[in-house]
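Below, chain A partners chain B and then partners chain C, in two separate complexes.
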Partner chain A sequence: MNDKLNRQVLQKHLAQLPATHPERRAAILPMMQALQIERGYLDDAAVEEVAHFTGLSTTEVEELATFYSLIYRRPVGRHVLRVCDSVCCSLRGADQLLVVAEKYSGVPLGKVTPDGAFSVLPSICLGLCDQAPAALVDGEAVGPLDEAALQALLQRLQVEG
Partner chain B sequence: MGTIRIDGREIPFKEGDNVLKAALAVGIEIPYFCYHDTLGSLGACRLCAVEITPKDPAKAPQVVMACLEPARDGLEVSVSALAARQVRQGVIEFLMINHPHDCPVCDEGGECHLQDMTVACGPPYRRYRGRKRTFTNQDLGPLVHHEMNRCITCYRCTRFYQEYALGDDLGAMRLRNEVYFGRFQDGPLASPFAGNLVEVCPTGVFTDAVFRQHFARVWDLKTAPSVCPHCSVGCNTLPGARDGTLRRIRNRFHAELNRWFICDRGRYGHQYSEHPARPLTPRVEDVKVSYRQALTAAAEQIKAARDKIGGLGSVREDLEGNAMLRALLYDLSGIFATFSDPQLEVATTTAVAQLQNTTRVLSLAEMEQVDAALIVGDLTAHAPMIDLALRQAYRNGAKLAVLHSGPTPLVRFAATTLTVPPHEIGAHLLRLNEWVAAPSAAHNKQEKELTDIATYLTAAHQPLLIGVIETMVAPEIAVLAQLSTALGSRARLAYALPGANAYGAALLTPASSTSAMLEAIESGQIQTLIVAGNDPLGDARLGARWRTACQRLNTLIVLDCVATATAEAADILLPVAAWAERSGTFVNYEGRAQGFASVFQRSEPLPSTAEVIADLAQCLGLAPPDAAVVLSDAFPGYQAPVPGTLGSPLAALPLPVQIDTTILPAKGPHPGRWQAALTSWYGDEPLAGFAPALLKLAPAAAALINPAIALSEGIAEGERVRLRGPVETMVLPVQLDNNVAAGTIALARGVLAQLGVGHGDPLELEKIS
Partner chain C sequence: MEAVLTRHLDPNAPLGLQAYRAAGGYRSLDAAFDRKPEEIIEIVEAANLRGRGGAGFPCGLKWRLRGADAPHPRYLICNLDESEPGTFKDRYLLYGGPHQIIEAAIVSAYALQAEQVVIFVRGEYAKGGNGLKCAIEEAERAGLVGSNIRGSGFSLQIKVHLSSGRYICGEETAMTNAIEGRRPNPRPKIPRQSVKGLWDQPTTSNNVETLVNVPHILLNGANWFRDVGVNGGCGPKLFCVSGMVQRPGLFELPCGTPARELIFEHAGGLAEGHALLGFIPGGASTAFLLPKHLDVPMDFDPVAKAGSRLGTGSIIVLDDTTCPVQATLNLTRFFARESCGFCTPCRDGMPYLAQILTAIAAGEGQAEDLALLEELCGIITSHSFCAFAPGGVEPLVSSLQCFREHYESHIATGRCPFDAANKSGA
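Right, the complex of A and B next:
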């Protein structure tokens, strides 16, 4: 990631901080989100940059960045598929879906496909128990899924690039 | 106050206590992990489950966490209730799901809280047969070893490291069953108190990386109550030895001083005693000889010198060694001194004289309660545990003001910082005194800061004034004491003294003895010099002068346990026992005499300094002096403090105050364009300087300069400059640091010694074109 770009994004973001957030540290989550939207994920340099801008230590930023599962500290594909593996979805076959997804993508869960098209991540409960087994595709809910639907979905993501 | 009933037993409690604290205080061992006497309750581990019975008989008994349940009068608690036992057993079983089965090879084995608790409450077998969660460990530097798989998520490490010690490079990452305690990136832990992780961790996640290199099972270690020899605080320690070698140091609880923690210098500095260069065999003229032969040779030289003899004790030598040497010199009509630098002698004796004059000096536990403090110098490097105590004061809301010339970690927590060159420290202290006597308006930024400091101090319920003796001169020390008097009886005074027994040594030091000794050697009035635990030849300011002077000596007899420059140059070298190998007494910064016991003997036992001097006296045909007798001569009514007790104030006749503060000029004369300042770090100490693991963390040699001054002088970061001292010229890279005063070059002790300058001395800096 390019440090200069990081700084531009953060500066832009800081300028937009509402008056209700006078403390820079209060802006840490939106800042991390803004960087992630721009760059896909946060690398170590981005964490250091956020620390610099918020006045927090890199440890504090890292604690937050790694706590939130929607903040990525590793590269992800252009599309992210989060398959729920909590109780309801698991009972309805989510575990098998994850096996299928892993097999289809050819890389372990959490890694990016060689073409950079997508990453499959297991997720804690998405609150979509009514659609179990459910998943989020780039933030959009899908479900109930079966093996065929999942494969079709991954194929579509690959084609879309 | 009131009582609670635990399984039918009436237990008294103090206001604000929780059930766990009240129970532990009377020896009822409710199992727990995350609770810590100092770090408090968190309720993370859920192990201290107990059952309480509501007063209302219609309500059913309930299981609560003892550490979170406030003690209330008449509360009925059961530790043995079935429901509570089942919860505790369940907690242990869950914790053991991911904990590795590696107790037989784990460093923590034998002193593992998890092991104890599992045996005490857990199921004896595992039911879980699945895969365990695993982590990748980090390299946390040479002192602390990381093994995350063993973690039970009690959060004690981050609570100590971040909340208590105010470090910012160890955190709790991730979430759920993957919580990971570590750094942002691999690298050595930056806190001077990081080694305490080894003790606060209830299992083997953080273990002593130095102990690992030469490991012993804890039940095989010989231990005895000891006192840390690495600074004037006098923390209580528990060294562990095996097979005639010292393996590790642990904290030993002292309610008024270190309590549960010690600094990393205290924990890891002990490696000096196992250093490969440590002198273990007596030497005469570079030939290894027996102890008897060396003693006879020394006695012959002393006899030949008649009264042309000197004895140099030390601030790191115990009370017995110093007193015995003084008694021997008295019998021989020679000169006795304990310092290698007259300036440090006057500074230390002035400080001790002032401390004798004040009301009792605050203990570490009391320092945590002050609400304002003025710190003169870098406490972290000279008395790390006082720094930790003031961090607690800061957490409690105290205003800290730091008056300093070079880098000091406490500025991070200071409400006001005054960064001034060494020669202006005194003037600022005088201004503070004037302000306290007659408050006036501030006209510029510096005056505003002084006014702020004076305001905190005068407004405080209990202000503390504390100075670092090694970087102060006597008039400044006296002015700090005057400021304390001016602030009234609420104010407390303390000094970080330049050695574990500096207080005791100062009490035994005849006035102006250091310069008398140096001049006597230079003029040939001393032909034989006995040095015990001192390193005059390695002195920063006067090392070169001592080296020249000592060439005039017929014989240099050195008693030491480390290979100092002076020991290397000795004609007769008598190795002595290191601190854990002997018993003795240190007097700490408060004037508290603390005894330490001999922990172990080496395979070839070494005598203590006092024993060598007694043997020497016998060889000389003198009545063999006895340390106890000598000490009761020096200190009327002296009773040797028993090791393992709290220690007792040393009853000593008051030292004469030698300093007339009226001679302190309003502003010291400017010593030239650049002035040297000592920049130290927590591992910097004569003994700890021989501890290899600690030395790996020593900052790289550099000339530290204020960025604004560097800019105006056209000096860039990393640029190499030539420093010209009276002894040598050195080329060093420049490092820019905001915490260095204008006109000041902050340098490490070794660099100062090589250049031949002391703290506050003028120095020349040249750009290399």
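Right, the complex of A and C next:
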């Protein structure tokens, strides 16, 4: 874990906040994002660190950490597959894709596979309706997906480890 | 029409600063700095540029109402939190041409005499947001952003706020809270954001598509912009078409282009042998329209007259293989899940609607459920705190009218007819 480097990133962000808005709490989301990149998810120690840095209570940090869908308060796999389940993707087969993904991973949606390789999370519209049914794999857009393509994708993630 | 907003867009290889300038980019800065800020607002008003983010509020009027004497510092928030199901136009703008957004931000901020622009990018578009940050740095190095831009005396900072999900962040007051590091619940409408917005300072929020029109209006004039539209619409419009069409995609066409042309010409129509059941014209929070509405011009007033909203200009197509009850359930679940939870009618009401719809879709609905749904929609709309829930029930209210017989048949037969059809067809 590279806490020192991470703090430098955070410090840099804080230093960039202009004098017109001096409130430290404004750094809360970038801080959570940076710590999550570092640790994979926001663990309790990270919540405390954010609270210390922003001057907020851990409850206040928790309030935001649990609000944002891209901030994870529980461990996720080394790869994260976010499958869109909103209307355009659903019309074109997303519901079935989620069934297939859950079956393939052998754990309920949102849980990490036993080998730690990936987590499959249902997501709201990803803005990929022209590629429906679509997903984000570690932030990269994929679509349109069918069952075979999805299984191949999950297999690849597993092999990559 | 000749492409305007998408002319230099390439999501695979967005133009860098040099190439963008070679293609005529940043020319509107001269056109802006040669004018007084209020003249620009007048031109934008004359062009009748209406907000592209969903509400359709006249951009020039919004800018004028902020007031020329508003105290400093002033903020301009560029809304790139696109999360409305069916909508992906802002993604193309972000990934395809970050410098176009920066140019738009500069001239718009100049018109408003705002010293800082915050571009609010949804977390799912993080890669696009990083591209935008790099483009801003490029523009800063070239003296296009920063102090005393090109000797105009105008100084500007542009920041990117990368968000981390949740639909409600796109609501302008929730967005303000998000940027300040607070829970993104919407704020009361009074005091207005234009008076007391970000950091309690005068703040103007515009959708990114609205803003990228401004440089073109400055360069070509208000009359040009009005002439680009058809059937009474003004300007170019980025239309999204998705759902059960052959070629889902983004199409830049004159505002006012009829839905029929969009669906059947540009998006390739429906699959062979299938018929149109209905469509949503403006993203998930707008009311369904029927095949009889295909010739309605996709412009703010005509779509409103037909009983829906142009919204984000994003058409979602349902064909005759689609169960409208299921589709409506999906939309309602979306809003139930994305409610910020601040007010009770929305937090509890939306899941209640979803629960009733789930039962109907599964063939377990009761005859009285339809009246209950309608009553709940009325209560939720009139008692919720912000525009989220009223928008959230719009597709449901219209679905109950447009597709009544489908709901009744689910309840009467105790099953979804589309399930049987799909299974026998499989």
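Following the convention adopted for this analysis, the second predicted complex is superposed on the first by the 139 of 161 C-alpha atoms of A that agree within 3 Å, B and C clash if a C-alpha of one lies under 4 Å from a C-alpha of the other, contacts with A are read in each partner's own complex, and residues count from 1 in each chain.
FYI, contacts are C-beta pairs under 8 Å (C-beta built on N, C-alpha and C of every residue); 3 or more make two chains touch, one makes a residue touch a chain.
This one's a predicted model, so the numbers in the text were calculated from it and none came from an experiment.
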| item | value |
| --- | --- |
| Side-by-side fit of chain B and chain C on chain A, or clash | clash |
| Chain B versus chain C as contact partner of A:Asp44, first or second or both or neither | first |
| Partner chain(s) touched by A:Leu35 [first = chain B, second = chain C, both, neither] | neither |
| First (chain B), second (chain C), both or neither touched by A:Leu97 | neither |
| Dominant toucher of chain A (residue count), chain B or chain C | C |
| Partner chain in contact with A:Glu63 - chain B first, chain C second, else both or neither | both |
| Touching partner for A:Leu150 - first (chain B), second (chain C), both, neither | neither |
| First (chain B), second (chain C), both or neither touched by A:Ala26 | second |
| Offending stretch of chain B which, after superposing on A, collides with chain C (from 39-47, 201-209, 633-641 or 669-677) | 39-47 |
| Set intersection of chain A contacts, chain C complex versus chain B complex | 63, 67, 69, 124 |
| Interface residues, chain C side, partner chain A - complex | 73, 82-88, 90-91, 116, 122-127, 157, 161-167, 178-184, 198-199, 201, 240, 242-244, 248-250, 284, 314, 316, 318, 322, 327, 330-331, 334, 337-338, 340 |
| Chain C contact footprint on chain A (complex, rising order) | 18, 20-21, 23, 25-30, 32-33, 54, 63-64, 67-71, 82, 85-88, 90-92, 123-132, 136, 139-140 |
| Touching residues (chain side chain B, partner chain A) in the complex | 162, 168-176, 180, 183-185 |
| Chain B-facing residues of chain A, complex | 44, 47, 57-63, 66-67, 69, 124 |
